[in-house]
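Should a chain be cited, it is by its letter among A, B and C, assigned in written order, with residues numbered from 1 in that chain.
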Amino acid sequence: MNETVFVIPLWADLLAVGLGGVQGAMFASGFQGQRRLDLLGVAIMGLLLGMGGGLIRDLMIGVPPATLQSNWYLVTASGAALVGMLLAEVLHRVNTVIVVLDAVVIGMFGAFGTSKALVLGLPAVPAIFIGVCAAVGGSILRDVIMGLPVAIMHVGSLYAVAAGVGCATVAVAASFGAPMVPAAIAGIVVTAVIRVLAVIFDLSLPEQRRLHRRKVAAETGTITIVKPPAAE
Amino acid sequence: MNETVFVIPLWADLLAVGLGGVQGAMFASGFQGQRRLDLLGVAIMGLLLGMGGGLIRDLMIGVPPATLQSNWYLVTASGAALVGMLLAEVLHRVNTVIVVLDAVVIGMFGAFGTSKALVLGLPAVPAIFIGVCAAVGGSILRDVIMGLPVAIMHVGSLYAVAAGVGCATVAVAASFGAPMVPAAIAGIVVTAVIRVLAVIFDLSLPEQRRLHRRKVAAETGTITIVKPPAAE
Amino acid sequence: MNETVFVIPLWADLLAVGLGGVQGAMFASGFQGQRRLDLLGVAIMGLLLGMGGGLIRDLMIGVPPATLQSNWYLVTASGAALVGMLLAEVLHRVNTVIVVLDAVVIGMFGAFGTSKALVLGLPAVPAIFIGVCAAVGGSILRDVIMGLPVAIMHVGSLYAVAAGVGCATVAVAASFGAPMVPAAIAGIVVTAVIRVLAVIFDLSLPEQRRLHRRKVAAETGTITIVKPPAAE
């Protein structure tokens, strides 16, 4: 674990976990009415989005999950979720904050995932893959546990693509001998910029399409099953 | 693995796995009509509830799953599931049995999870978290694989809270230097008592609310999608 | 990892991964209309079916995932998925190809899973269990992430039973001192033959029943919730 701590400073790791926790709370605040989540539900959402990506990363690398080696990760993720809950109404009004927060968080989880995999000796392609899984894994866990359609499969590719390009940046920089810290920062910036530009320039409209589809579903009150595939 | 065997005697571990297997079978027997599960389906439910929690615990701790290091776990879980299937009709009539069984099982999985994490050197907060995940993990796996709403998110917090208080009891006792065996027993008792009291005194009515919601859904025949969250 | 490479030659492992990737693409091509998957979605399906089983196997054994130790697995699975996508229309017309492909793939994943578990010292029962999980694990991941009913729970037991008998063949042969390579080949053949015979002789009609149920669901446009189980 020494190399890992060397690569990802604890404060940076906790920052990503905390921002993920805030996101989880904001997601939870979107549930209204009968399915309104209680305090524990909000905390669980915070844990899933704050720690889920790192957990998936470490399982895939094959090391004990770093987020469970210290008390701080759980305290940070659940604390951030409860703070995020209190701020949710304010934050929802500032759409720019949400978009940038989201872009930075997937950038951080992706870059940390790829960096850690590379430092532990994995080849470039799996290292990039692990970074992407770390970036989107928390939201997959969230959707599966909440019984929602998995966003990454339906929202549009640009989410995962932004993470992938950022993680590839880290891997390429590392292969040219760049130190890990600037390589990771470059990866975060690349992912965040692609993601923010995609939202600004409406590339493939991932958010809108997703909201639209869900609104339609909410109106009709049903989930339409897809045409059955012809083969297993 | 030596310390683990030292902490959790094999018979106690297998008892928890077997009781979980019985629960799985009783759950499976609730499926009637078109979705009635066959023998293999019953066995799978038994494996998920009997071994799922331990599997999640060991993945989170980062050790090879104890339930797969010996032939006994799989034999016990699937055997208990088939016995449970035969007894399901009788057991369902004795509601007290179900409630107490359920309370003891989550207590055991929680206490064993936290004990094992502590013995392997994890700090208190992650150790408690791992215990809670071990206690409720089997039912999460079950719900996800059966395509049901994840009970722990909708039934009410008291389920996870009972597990959490029991696991915290283990961690606090251990931090005061108590030996692991009495600490674990204390944790099991605390969780089971909280859970049983909650059902007796109707605290937050977790079972009824859950059954009610599912009945409503069964009548209308649809799953209503929640209002879409405004943010990722 | 040396023993593993010794047991499962890289080309055989990549063949299984590649065939799984093709299956993923053919599955993805079944989604039409609004839920039609884009290129990335097809690649994700290929990764899930090509690498999901091996990932689950290695997590259960407690070793770092072999599919992430080399660049080849990810390249093979996603490449095969894209090739499979181009060939999907042709392949769908040749039903025999689909059935045999499917039978051979579950045979390979099952036999490799059991072989690897045995070589790494696990007892026979968990080794067989891990083989079955490796054989069906990719399709479970696929169904959970796509929000579909988990096929293995609803299609009929014969799928898992075929994998189980093949994996047991490997374990029994190994316990009689047979070398791993012929034992694994025997396991693959047993699984594939059972599966193909089951389809030919219409045993329990797993495909038809599954397709029928999904067609009904597609017509009514709703998911019907099962009768609520009476116990947790």
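In the analysis below, a residue touches a chain if its C-beta (ideal position, glycine included) is under 8 Å from a C-beta of that chain, and two chains touch if they have at least 3 such contacts.
The structure displayed is predicted, hence computed values, not measured ones.
*Asks:* Which neighbours do chain A and chain B have in common?
*Replies:* C
*Asks:* Mind checking the rotation angle between the two copies, chain B and chain C? C-alpha superposition, nearest 5 degrees is fine.
*Replies:* 120
*Asks:* Measuring from the mean C-alpha position of chain A to the mean C-alpha position of chain C, what distance in angstrom results?
*Replies:* Here chain A and chain C have centroids separated by 28 Å.
*Asks:* Could you pull out the residues of chain A that touch at least 2 other chains?
*Replies:* 59, 144, 222-223
*Asks:* Once bound in the complex, which stretches of chain C touch chain A?
*Replies:* Those in contact with chain A are residues 23, 26-35, 37-41, 44, 55, 58-59, 63-65, 67-71, 73-75, 91-92, 98, 102, 139, 144-147, 151, 207, 210-211, 214-215, 217-218, 221-223.
*Asks:* Under the touch definition given earlier, write down the residues of chain B that touch chain A in their complex.
*Replies:* 59-63, 117, 122-126, 129-130, 140, 144, 149-150, 152-154, 156-157, 160-161, 222-232
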